[in-house]
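In order of appearance the chains are A, B, C and D, and numbering begins at 1 in each one.
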Amino acid sequence: MIGFCLVGGGFIGPLHAANIAAHPAAKLAWVVDLDQEIATKVATKHGARATANLDDALLDPQVGAVMICTPPRTHAAIIERVARAGKAIFCEKPVDLDLARVDACAKVLDSAGVPFFVGFNRRFDPSHRAMHDAIRAGDIGRPEMLVLSSRDPEISPPDYVAAMPFGIFYDTMIHDFDMVRWMLAEEPVEITARTACMLDEKENPHRDPDTAMVMLTMESGALVHVNSSFRAVYGYDQRIEAFGSNGMLISRNHQPTALERYDANGVRQDPLLRFFIERYAESYRRELDDFVRAVETGRTPSIGLRDGRRALEIAEAAVASAKSGTAIPL
Amino acid sequence: MIGFCLVGGGFIGPLHAANIAAHPAAKLAWVVDLDQEIATKVATKHGARATANLDDALLDPQVGAVMICTPPRTHAAIIERVARAGKAIFCEKPVDLDLARVDACAKVLDSAGVPFFVGFNRRFDPSHRAMHDAIRAGDIGRPEMLVLSSRDPEISPPDYVAAMPFGIFYDTMIHDFDMVRWMLAEEPVEITARTACMLDEKENPHRDPDTAMVMLTMESGALVHVNSSFRAVYGYDQRIEAFGSNGMLISRNHQPTALERYDANGVRQDPLLRFFIERYAESYRRELDDFVRAVETGRTPSIGLRDGRRALEIAEAAVASAKSGTAIPL
Amino acid sequence: MIGFCLVGGGFIGPLHAANIAAHPAAKLAWVVDLDQEIATKVATKHGARATANLDDALLDPQVGAVMICTPPRTHAAIIERVARAGKAIFCEKPVDLDLARVDACAKVLDSAGVPFFVGFNRRFDPSHRAMHDAIRAGDIGRPEMLVLSSRDPEISPPDYVAAMPFGIFYDTMIHDFDMVRWMLAEEPVEITARTACMLDEKENPHRDPDTAMVMLTMESGALVHVNSSFRAVYGYDQRIEAFGSNGMLISRNHQPTALERYDANGVRQDPLLRFFIERYAESYRRELDDFVRAVETGRTPSIGLRDGRRALEIAEAAVASAKSGTAIPL
Amino acid sequence: MIGFCLVGGGFIGPLHAANIAAHPAAKLAWVVDLDQEIATKVATKHGARATANLDDALLDPQVGAVMICTPPRTHAAIIERVARAGKAIFCEKPVDLDLARVDACAKVLDSAGVPFFVGFNRRFDPSHRAMHDAIRAGDIGRPEMLVLSSRDPEISPPDYVAAMPFGIFYDTMIHDFDMVRWMLAEEPVEITARTACMLDEKENPHRDPDTAMVMLTMESGALVHVNSSFRAVYGYDQRIEAFGSNGMLISRNHQPTALERYDANGVRQDPLLRFFIERYAESYRRELDDFVRAVETGRTPSIGLRDGRRALEIAEAAVASAKSGTAIPL
């Protein structure tokens, strides 16, 4: 039974808290949040203790692992504190938005020798994983093209956008960059990116890119396309298509029900699930399970700091290409 | 090259005329209709001759085959005249609505020895036929259940309904009864039918059944369900499902385009094709081709008088069951 | 917070135990099983107490509700004991297989005045419920036909079959009979049933029906078809189709992933989920939630003894019709 | 009734010949082919006259229109001869592979003033056209992204590939470039292209690109992706997806039947139609009809030389980008 300390009780925190509480081999011991009220609210629901001071939890010998769900820019410092305390770490993506900062983290983690996991949860989605396993098993022969559609139903609030310009690459497509590396089991060597501001001034006051397309060339010569938008009115659009010498795989979208409605206007089904937390509910459960099993058995967690760093590097190159209009080698 | 005489230029007649004209081994020579104007209109379009008198055409040695598209109650007499003239016969279903009359026809056909084909066109629909071939090839093992949905977008005009009470069995499900025999390659031994009048007085003034369900038991013990309605507002609904010891086959509906529309209300596709002539356009072409090849090569046409008679017998039993409330042995 | 006592730790018991443990307003207090080892195993996992003696739990004031998951023939006696102890009751279907016994239960329940719920979980499946709500909202106008496919991937073990002859009606279609009543919000007035033994001697040594079709007429005249089989090799096949004056609704099957595989042989998707516990996982969670909220708020649980009795009555009539070959009025 | 002369009796010629023969307002008068035998074969089937000399046909006053189906490099010269003879022209795409040559043609056409049509048949596919009409009607609001998949089941024979290097742009994607302009009703301003040789030496001895991705930026800022391959083993893959401020449209692939096969391995449907002539059969019929009606009524044909020239220009820029690695302004 692994005792968890959750750091960051907002947004995605309560989801992870519930998954920890429901996991047969995990237990939520502490919830840490600068806002004591939030910490208390999440902790109470699952019989855990609350604090605004991370050290309270790190000193508790029952805590074996720390899950970091705070805003991205705080990740690196927390990772280092937790690593020095010798606890296993599950960190939400991204590790940090600055590569040098990530590298500094890496050194601390290396010397601390604690298990470290980055939460690229999509690797654990049953459909995406079935695709991955099929590619790896050779079902489509040699992979030749990968096409990803990764669209959000709406843009983040203005202050969130202001805090992370080019979030379409750093926050959204970073998941897809990780998917590309994982699906193809190889690295990209070049990227070209183009962006647009399609939302109006009111929705997107900072004129940060809200629409983007990216083209990647992989080491093997395989070609990759990713597209993204912040206003898919029909829901959270998440598709991956892998084309190879022996066939094609498509991981389709999910809908909340399996109901079809026929009338004089046609055949209608539900809009797509709107919220990533619903769409990837199963992924969040499974990534936790993967991390818990890694910590239990002592094996290296399946997604490490290097994966987080590499996705960030690609996002950075995407920004550079979008700004310069040229292809950026990786 | 087989010269055709088309008898009956209304309704389904022009479709058959066009298919004959387009067929590489057939030629439309005559169009016969009591209404000389109709005959002329159809004939002119395809460079054929028009007459109100069937004998004009039967005396023409260039006529090798006659296609009968007149109202059902006139079929038997025309069949006998054409048979005595020694021409091959393609007759729209049903042969007649009276079994004794069908049997009288059979005798004339037997002594004339001319090729005879009943137009159960659905046997030639590519999807239904692929299902048939898969069943016959053993793809689903032993067939155990068959489920057919056979629904029209609207009821026939009142005078048509008045002329053929229980048309839901005699005119619509008669196709399905033929499908059942053909798909399973065996005969039903019992039928139970239930009907309802769901349309209002205005749409269905004669209160003839507009909704029906039927349950059949086959010789092998396989169970069959057929349902029908005269107001499928979403289009012409034509599905067949075959369940067996090794799997299931579903012949789905057809839509006019392959377009999907996603918006905030969901995902929408076209309504089904509304008109049976569009839905079964390919079947009509292929059944003609089958008949032409049979006449050319001298093989017996693939759907004979016995098939027409048998489907009628089942329809009659359906009516008896609906009226009496009891199961009717076949 | 409602303390639950689970009676019956085998089969469906552990699923309910986990759902109770995960529910925010419920707590698993006791697990009762004649086999103390089973009781202990289930109880330990969720921090509950175990016993072979139901009275131990009934005497515990922390127990507010009892969930009955024992074999059907034991339900009635347990219901009566629990009712007399004044606890709320969640009973797996069927209540009993004997109508007189059900009626005796009803009297005890009436005088005890405890909340009682029958676990027809399918009413809580999101797709079926969306269909129900759409019908009730008038989306398809007047309902005219209902078609249900309800097929299991395999037959129950021989001893289970021997203990409950005609299980295809009493155990499987009983769910569909409840669906029919719930979807259409009216009662059937007549039933006709036909069965077959399609499995071989080895799989079905008792020659109990393993394949069945049923036709029902409702008070409104609406027609209903249900079909069932015990060998759907492609998985657990659960579909409902409602046809009405303004359209049609189809609640389709579920698949474990949304992956499509294209190759030279065609386009392939996963087989259906095989196990009803996976297929209806969400239904089990939601029915528990419905029961908990009813008990909390004092409202009558949404599925009562009368519903259980009525579904059983229809199943009994189905058996009578299958045996006699005649239609049975209800 | 418009008399047609078909020039080029091979490959796509017989298809056009049959469509002309079947069209109510068209008649096949002449078939011209350097190989007299081919000309005769096609002509005989439809009661037309055959010749190896185009002038024979151009001198026939019954010829009102000429359909050009010869190899691309012969188009320009034939267009000029036909234009000078004052006949309407239907020319298969591409007009020519050299822009200067196309411009020379344009001058001749301008002074001759004859109707001219380029056969970008995909504009007449019912699904693509429904998408086009929906976009133009504003159904998805402002178009923001377009994603096209355009994959052939196999590469052309080596000599065909040798005769037209970069055929993946000049021969295949040229259709997509036309689709992009037509769907969005605006011009691209920049293109980036990447290619790969994925087929082995035996299949692709000339190492001409067999796999390609392209990214376009449109005047409005909308982003476009096109991908193509010459070995889609699952059939002819033709999909278009339009994303806009109010929704998304997808024109899906076509399959030869609507049959679904369920077994223990999953649910299987037919592979896609393999041959473009089957997939776009309806488009070929409808583009002819559009041309015939334009000639009849005197309106300008809906796809003109400028469209052919523009698609060629984009293809040329794609080649330049693939060779240089830079983005090419248009």
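Basically, a residue touches a chain if its C-beta (ideal position, glycine included) is under 8 Å from a C-beta of that chain, and two chains touch if they have at least 3 such contacts.
Treat the numbers as computed from the prediction; the structure is a model and nothing was measured.
Set against the C-alpha centre of chain B, every other chain centre is closer than that of A.
Just one of A-B, B-C or B-D has an interface built like that of A-D, with over half of its contact pairs in common by residue number: B-C. Between C-D and A-C, more contacting C-beta pairs join the chains of A-C. Chain centres here are Cα means. That of chain A falls 39 Å from that of chain C.
For this pair, chain B with chain C, the centres built from the Cα atoms lie 42 Å apart. Between the Cα centres of chain C and chain D there is a gap of 57 Å. Residues of chain B found to touch two or more other chains are 233-234, 246-248, 262-264, 270.
Partner chain D is touched in their complex by these residues of chain C: 233-234, 255, 262-272.
Those residues of chain A lying in contact with chain D across their complex are 142, 144-145, 147, 149, 151, 192, 194, 196-198, 211-213, 215, 217, 221-225, 227, 229, 231-234, 237, 243, 245-248, 325-327. The touching residues of chain D, counted against chain B in their complex, run 22, 24, 45, 126-127, 130-131, 134, 139-140, 246-254, 256-264, 270.
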